Structures are given as structure tokens and as C-alpha cells.
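Both complexes below contain chain A, partnered by chain B and then by chain C.
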Partner chain A sequence: MSQDNGRSGLTRRQLIQGMGAASTLPLLGGVAPFAIGNQSAGRVVVIGGGFGGATAAKYLKRANPAIDVTMVEPAEVFYTCPFSNLFLGGLRELNAIAHGYDELRGRYGVKVIHAMAEDVDPDGHRVSLSNSDTLDYDRLVLSPGIDIRWDALEGYDEAAAEKAPHSWKAGPQTELLKRQLEGMDDGGTFVMVAPENPFRCPPGPYERASMVAHYFTQHKPNAKVLILDAKDNFSKQGLFTAGWEQLYGDRIEWVGLSNDGRVTRVDANNLEVETEFGTRHQADVLNVIPPQKAGWIADRAGVTDDSGWVPVKAETFESQRVNDIHVVGDATVATPMPKSGFCANAQAKVVAAAIAATLEGSTAPDPYWANTCYSLIGPEYGISVAGVYRVQDGVIASVEGAGGLSPTDAPEATRALEAEYAVGWYNAICQDTWGTEA
Partner chain B sequence: MTRAIQPPTPTAWLSTLLLSIGLVQASLAEDTSTDEPYSSQQLAVLAGNCASCHGTDGRLAGAVPAIAGRPASALESRLLSFKRDEIADTTIMDRIAKGYSDEELAALATHFASIDKQ
Partner chain C sequence: MPTPLPAITRRRLIISIGLLVISPLALADGPWLRLEAASNIVGDTQPNTAGLHLDLPHVSEDGSAVPLGLSFDGTLGEDDYLTDIHLFATGNPNPEIAVFHLTPMGGLPEISTRVRLNETQEVIAVARSHRGETFATSREVRITVSGCLMRGNDDQPAALSYPRVSAPSHLAPGEAGEIRTLINHPMETGLREGPNGNTLPRHIIEHFRVTLAGETAFEAELHRSISANPYLRFHLTPTQGGELVIEWQDDSGESAIHRTAIDVG
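Coming up: the complex of A and B.
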């Protein structure tokens, strides 16, 4: 890896150009200890090429092109969970949620390695890869997403997921569920098992139920949707419930925890599930969204806690447990920020700025984060929840008076606008993260 | 658990900023002029959240409009109007703009005005 091009003058000019800012003041040399003489601008390894990882890599290079950035991601094509429900609903092709790494490589000079990160040695500041390579880092960014907890729900293991897909990591699992829906007889029941909090994309199960119901209105007019939920409340519940009633009548039934909605056993061979109090439900297509945890490389790096998720320092998203490792996205404990692609992207930008500042020997800027989660109930019926976040007293806090839900009494025109903006958002965040032109 | 905080008052913000500027001036002097309250690094972080809907540097035009290269005064007045619920048919920007002080919105307006449209 190149480590000899980080001279301070060059670094600063590139930094300024990267920010689009102009300067008429003379350069003051020799004030940032890490940028003097032949010192490298620093080596950063990013593990994961999703919303968090790809954004971190890009924004590190935007902050300072002289930082040596290497991103490790097994997949050459990344399928987003956001808008995978639109694929299930027949509103979008799978290739319209696929993204690659050409911009990171070609425009930003990120070294992208398609391999699996297999281990992290925090003391040696070294990552080992499945292709036998090792990468040394000054700072490591982990954006590992989620892993399924295969031991958490009786009967639901990797083999079961081939019959009753989770489709909670987009790609082949999403295609499998789509094929099953297409193959289902009219009059059948799609059963979805929804997990307790916390999990990736809190409104996701309910948008999926909406999109499957939409598909049924088009292709299986007598089919039903049954959601068996391990909790009594869910994201945007009032908005979803009102939208379901308006668009789908009684096609969607939701059973919460208090009404024996918590599934405790899955029989994937027979497409049957059993609840806490012994009620059995027969499905024609069974979608099990199981309990989750941080992606397993986080365990290898030693940054997870007993919950299976990653506690981080609020200001910089550096691990609370291991120095020089920053973690972003769904893997982190970042409440009140949800586990969303938007938040992963926002967290990654703050982490990139903090690392760039640290490597230069300057103070990290104050963090600002925002979130907007759009959900489609129908093709022209969108709803959203938003938040703006800052650090207060050392913890992440929602800014009072900002954010919140779409209004409950909004006219149809507003729902239609939000559906349009949902697409606008998706196009923008994918451009911002992977450079994808819609 | 959700904690709620008040948007910082202009005075508190300014004193924090002045302090921060003092602390980092040595390393940032070349890209922070004395009458600008935000360093370019700070502006990049502030503006980073806008890119998630408006594209990198606010340049993506689509269902969500591009914001790069528009006059600062127009952007600032629009943002303040969103914050004060003065624009009918707003869906999301009212909820977002309320998370920022007037000074922050003004700085964002100046920032995006200074970026070439393409």
C-alpha cells in the first residue's frame, strides 16, 4: 500500500478541493503532526460494502484523498434491503436494487477487495482475509450488517431458511420468496413471522406485508396475509393500519404478542408455525424474520456485548471495547437512531470525518445525524418517519421538536407525494453510497 | 430509550463554536476564515445528511430537487419557511428543518450555494 504521498501541503489542498471550498489564506505549515514530511496520511480498512461501509470509504477519500482506504466486501454486486419489498410487490426488478463498486474504485481510488474478512487482531491492527491476505490498519471501520441468530428460534436454521426464507438479507433469499409467492395458489395464506426489537429496519416487515398484499390484489385476489408478531407495537403502526384498511380491506391480519402472536417453533418442511400458547398456523408461503445480531466479524473483533450488538462511543462511533475500531450501521447500539440504511450512511459520514481529523491531528467535527425511513403501503401510498440526532451528555439524543411521523390525516395527494419521494430518496442514497445512476 | 434535547440556542452554539475554533485554529487556519463560524470539516458533516435525499453535494435532480448552486438567500429563506411551517404541501422538510438552528440553516444554504450545479 502506498504510504509516501501524504505530504501536508498536498493533503491540505486535496482536502480543500474535496470540500469544494476556496481559500485565500496562506498555508500554515507544520501544525498537524501526522501530516508532516513522509508520514502517511493513514491507512483505513473498511469491512463491509453496504450503506455504512461504502459511504465510509467514499467520504474518507472525500475528506482526504491521501488516506489509503481499502474496502473488503465479498459480493461484487450488493443488493439493498431497502426496496427489496418493492421487488416482492412487483414494482421493481431485482437489478434495480443492485449496486457495484465502480465509483469507489474509479473515481475515489478506494482499493476494493472481494474477499471475506475472517479475523481481526486489534492489538496488531491487522485484518486477515479469506484469500490469505492480511491488511494493516491505523483505523478500522466495521460495517458488518446483521447476522441471523440461527439458535434463537426452534426449528429455524439455515436449512429451514431454504424452505421458509427470511429474505432479510437481500439477494437469493429475496428471489426465493418471490418465486414462492408467484407459485402460490390463489386463496393461499402468506404467513410472516416478525421478531422482537431490536432488528434491522423496524418498519420493514410491515412494508413487506403491504407489498405482498399489493401483489395479491394484482395476481391472487383471494390470497391473505397473516403477520404473527413477537411484539405489541411496531413502527408507524397507526399509519400502516389505516393504509391497510384503505387499500387492502381485511386482506392483512396482524396478531400481536398479547393475542398469542409470538412464534416459538417453526416447522419449515410443513410450512407450519406454533405460537407461545400452542396455536398452530399453516402457511402456503412462510416468511420467517428471525432474531438477529451484529455481523459475525464484529464478534471476531471483540466489539460486541452480551446482547450480540456493538456498543459505541456516541461522538465517533468508535467501539467502547476496542480502540481504533469504529462500527457503523445495523450492527451498532445507536438508539434512538433506528437500524436503517439512512442511519448507516449518516453514521459513516461522521465516522469518516472523525477518522480524517484524527489522522491529521485535528479535532473531529461535532456529529450531526438524520434519518428518514419511507415505507410504501401501495405504489402511490407512501409514509415516513424522520429524526434528527445529536450528542447530549455523552449519548445520542433526538432533537426535540424535529422528526416524527407523516400526519395521520393527510390527503391522498400527500401519500402519493411521499411515494414519489421514497423513490427519490432511494435514488439519491444509492448515488451517494455507490455512485449508482438511476 | 429516547432522549430529547432542545436545539441549541444561538448564543450557546456560538460560544461552543468560538471555543472549538480556538482549539482547532492552529490546524485549520488555512481553510477557516475568521468570520465563518463553521470549519469546512464541520460544514461537510452538517451537509452530509442532506446528501442522503439530494445526492452527493446536493447535486441530484429528480423527485427530490437538487440544491447545489441555488442562491443562498433562496435556500435560506426556503429552509426557514420549512422550519416555521409556512409552506403548504410540505411532506418531510418541515420535520427535518426543525432539527437545526437558524444559524445552521443559513450555513447550509451558503454551503450548497457555493457548490457548482455540476
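Coming up: the complex of A and C.
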């Protein structure tokens, strides 16, 4: 397993650590160019401890330990959305997708504050926290992830999400959905409502449908999966469709936008949804993946646009609207990069390099990014799509000829290997981000 | 890539000069002046750049179906109303997207559809009123093909199958009712290669007509830049009810008809 999946001779860990520009930064050891005595080389506050935030904090310290890095994250344990579908499928325990911040504190000297960032004053360069503290910054990194647009889908509010979970932020919502699936009668229907673009993790809904179908084959052989989609095309569609047919026959039904798949009303009490043209579907377990926007602190900082997402400068992921605030991960408009944990990790390294360079008065190298989205259709059936990205004419662009999809007519052995690579990828990126050992 | 500038006609040159003299800050150089089909609609008038709105995403990951919204909150004289709204995709092989013909029953000029955009480009909307007022607006859309997106199989139901309509059954007088329609159709552009390497022949819905109690209420001419399985959302403010007949007609002469009733009172 020293080879990656045939795309290059790098090991996965090398590949992941090489993503973003940070690997091209010299490691400065303990010597910071501008640190005199105990004086800081600059104050950076990072809001959010997910793939983007934790990586930014770590790689800022790796670039220059004299930078004063404070990370604000309410949760002491972070549950990743990647692999949360495997928990639903019964392939993985919840604690196997849980990560903490010991390495950031102990090994890298990041100050980790478990509080909620409640406001940002961009002029005063100050963040206020739920514990009444304030933090001053020279540079702010926001990695706020997504928030649900509670006003966007009739009948779907926070109370409805307790009955028809979105489970699009991993943790209690994922456990709730798992309990509902376990409690469902055999012969029932799991209905998933999938959103239009853009949203967190483009292949995620379809991997979830696969994992639920897998769980049904083990425990509820007569249960069905119905996906009602607000799109006509989705990520890795041909690969998913072929895999579903092969592993699950007609257990999974997908209804796209042009066949009246767009849900416009949710009745969570009765587990019923209604589509744009009035078709009603009754669920036994209802999973609504609703429209999304950047995490709300981005609004407080004034970096979002009228789409609800955050436009950024391609080279540095600095906000196009507010100076000295960088934003990474799902909250940003970074297309063609997808909203994935891998992208957040790569973007965070670019931001760390850009901030470290600015604070010492130099220029960061030209960035590049890469992403792979692995999805499991079955325990031994993995597929992937990979991309490499650079800045072209001021915007992020895919590098032609790099990356690509799993072949459509691959033998079972290839699918099995990709399922193994998916696990290897997960272990490597979690080690890189939180220091979690597999 | 910007669209190459067409040769400037004398008339347009004169218009531009006129605007420069009268008001150097006015709307002189909208992209509609650089696209002949659009400037022909505007004619000799100075289009008002306030009032007509295009709602499009700044960035779209799927150029095959970009949601597009049109709305109007401009000022019109008493008894005046918008008669037609023209949509253009400046960077498509054929810039015409659609023309919407409105009537006094149009009430609330708010239209949605889904369009094909070949590449990053400017989309233009130009509208005319019954009394000859013109309005124009434009919006740039960046098209990326996301690394996480891939087209599925082209397993399409038959053309003109499953006409779907959502319309109110009852409206108060003066109330604007929202009508949504969706129909299966490949909207084959005539520019695409099939699996055997031959160009697939053009096959699109060209006409969309809505009548209420026998009177034309809303019409659309559709072109190749309308997405497969055309979706149209619009509004009617009828003064009296009756049978609502919706008809889609394609370029092979086939059509589909959907009938329902709206009661007004």
C-alpha cells in the first residue's frame, strides 16, 4: 500500500501533506524573524476547528512558531462529516470519526478556546466570544463551515430537524438518524431530500443512500431508499447508478428535478414531503438535506455576498470584501473546487502560508490545491473523483488532464482497492488535521 | 473570452454620441449595444437600466441547467404593461435564449426558467412596453465544471411526455397567480455529437402558449439555450376565470396540451 491508486507514485500521506503551498514553506524551527524576546510575530485568530480551522492553526505554527495562534471552537470533540455515512451504514463507530485538539495544544502550542465566536469587528480587528472574552487579531481565519437556511424550505425549521434530521453536520443529528433507521420497520421507506447546488459534499447524499441501502440489506431486507433530488445531475452519477444496480438492484430509486424530484414542502410531523408539482411522498424515516449557506459568523464578519457564501481572492483566500480576514472551506465560493474536507485542508495550508509570509514581510509561493472525493457504495466498493487546481486569470481553475474519475467498467478488485484507499485517505487527512492516529 | 465587437452601425454610433453629449454618466454602453440581436430590440430608444432584474448565480457548477429569474419593478405609465422580454446568452453559439410575450393579464412580471450557458459570459435581458418604453439589464455568470460533477446516463423519457402544471384553482380579482410548468423534452441543440460521432439533429420545443378562456395570456418562443426538460414559471392576474390551456409545440410539429380551470371571484 505504498502506492496511491495508480495516479502517482506518492504515498497518500505525502500527497496530503504536499497539498496546498505549506510544503514549500521553509520550516523555521523555533526562530522567528521578527520575534524579539517574547514578542509575538503576529496574532492570528482562527474560528472553527474542523478540517479548515484545525489545519490552518497547525500550519501557521509549523510555518512560524512565534506567531500567536488562538483557535476558537465550541466543541471539545469534532465529528467529521466524511465517514459519518459509514457510521449510518454500520461500518464504523461514532468514536471512530471523533477528533480532539490535544495535538494542536500540546505539540504546536495553539491556544484552543472552547467557546462560540459571537461577533467580529473588522475595523477594530477584534472577535468577541460567548464567554465574554475578546480576542484581538492581526489576521483572522474563518473556517465556519455551513449553516442550514431554515427559511428556504417550507416546513423545515429547527424543530422539524428533530423529527426529520438533516444529519449534514455530524454528531447528534447523525446519531438521531441512525436510531431512526434502526427503529424502522422492515418494509419501510427511507426518503432523502437532496438539495440543489451548491452544498456541502456533492457526492455525500448518494454515498449516504448507498450506506443506508447496505444497512437495509443486512437488517431490513424489504426496506427501500427513495431520493428526491432538486438536481438533474449529481456528482459521480454514472458510477453511483451502476454501483447501486450492481449491489442493491432496485432498492434505491432516484427521482431528479425533471421528474418532479424537487421538494418544496416538508411535513416533519407526518414524515411527508410534497414536490413542486404536488406529488406527496410518505416516509418511514425522512432525511432532509436542506439548502445551506456559510456558517453564520461569516455574516457577522461581513464577508458573505447575496448568495450566502463567501467570495475570496483566489491566491490567498482573503475575503474580497473585508481586509485581513481569510476564509476557508465549505463557506467559500471556490468552484471548481468542491465543498469538501480535503479542499478545506488544502485551502487552509495556502492561507497559513500567505499569512505567515505577510507577517514576516515576504510573499507566499503561488498556490495549488488538490482534492479527492472518495465515496463508498458498499463496504468493498469504492469510487473516487480527483482534481488539481491552480489560479488562472485571477480565478481558481482545474488543471486540465490532472485528476479524473474512477473508470466506469472497472473490475471488482479495483472497487475493493478504492474502498481501502478511502480508509487510508481518511486516516491520513485526520492525522494531518488533528494528529489523530488511526 | 469577450465577444468580439461587431462593426458599429451608423445608427448605434449616433446613439452613443448623443448619449455622450446629453449625459456622459448614463447607460450608454450596456452589453446589449454590442449584441446586434439585442440592440435591434432596443431600437432607437435609450433603454432604462433600472427596473428590469436578472437573477442568476454568480458562479454555476452546471452550465447545462442554470436557474434564471426575471423580475420587473420599474415605473410604467397608467395602462402601460410589458409586452415582451428577450433573453440572450452572449457567449453561446446562438445567443437567443427565449422571448416571453406578456399580456395585460401578465400582472406580476416575474418569470423563471433554466438555461444552458456554454461558458463564462454575460446574460442580457431586454424588455419593451406597450407604449414603447424599453428596459435592459445584464449579469455575468461564471461557469465551472466542478470536479465533483459528472453527467449521468442520457436515459430520457419520450419528448413531450409528462407535461406537469401547478396552477391555483381559485384567484381573487386582481390577485397574481403563480403558474409552474415542466415537460420532458431533450431540447437537442443540433450542435452535439451522438455516440456514433454523427451530429444529433436539432429537436427543440419552439412555442409555448397559454390561453385562459380562449384568450392568449402568455406566450414564449424558446431557443436552443433553454435547458432540456423546459421549466417555466410565470404569473397571471386574470380578471375572469375559465379554462386554462397550456400548449408546448416542438419543431417536429408535435405538441402536448394540458388543461385545467381557474376560477376568479
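Here is the rule we use: the second predicted complex is superposed on the first by the 399 of 438 C-alpha atoms of A that agree within 3 Å, B and C clash if a C-alpha of one lies under 4 Å from a C-alpha of the other, contacts with A are read in each partner's own complex, and residues count from 1 in each chain.
One rule holds in what follows: contacts are C-beta pairs under 8 Å (C-beta built on N, C-alpha and C of every residue); 3 or more make two chains touch, one makes a residue touch a chain.
Since the model is a prediction, treat every value here as computed from it, not as a measurement.
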item	value
Which superposed partner A:403 touches (first chain B, second chain C, both, neither)	both
Most chain A residues touched (candidates chain B, chain C)	B
Partner chain(s) touched by A:360 [first = chain B, second = chain C, both, neither]	first
Partner chain(s) touched by A:203 [first = chain B, second = chain C, both, neither]	second
Partner chain in contact with A:345 - chain B first, chain C second, else both or neither	first
Partner chain in contact with A:233 - chain B first, chain C second, else both or neither	second
Partner chain(s) touched by A:77 [first = chain B, second = chain C, both, neither]	neither
Which superposed partner A:305 touches (first chain B, second chain C, both, neither)	second
Partner chain(s) touched by A:414 [first = chain B, second = chain C, both, neither]	first
Partner chain in contact with A:368 - chain B first, chain C second, else both or neither	first
Interface residues of chain A shared between complexes with chain B and chain C	335-336, 386-387, 395, 397-398, 403
Residue ranges of chain C touching chain A (in the complex, touch as defined)	57-62, 64-65, 67, 142, 144-153, 157, 162, 164-166, 180, 182, 184, 228-229, 231
Of all residues in chain B, those that touch chain A in their complex	1-7, 20, 23-24, 26-31, 33, 39-46, 48-49, 51-57, 60, 62-64, 89, 91-92, 95-100, 114-116
Touching residues (chain side chain A, partner chain C) in the complex	196-198, 202-203, 231-239, 241, 257-260, 276-278, 305, 307, 311, 333, 335-338, 340, 371, 373, 385-387, 389, 395, 397-398, 403, 405
Complex contact set, residues of chain A against chain B	12, 15-16, 19-21, 23-28, 31-32, 59, 62-63, 335-336, 342, 345-346, 349-350, 353, 356-357, 360-363, 365-370, 372, 384, 386-388, 390, 392, 395-404, 406, 413-414, 417-418, 420-421, 423-425, 427-429, 431-432, 438
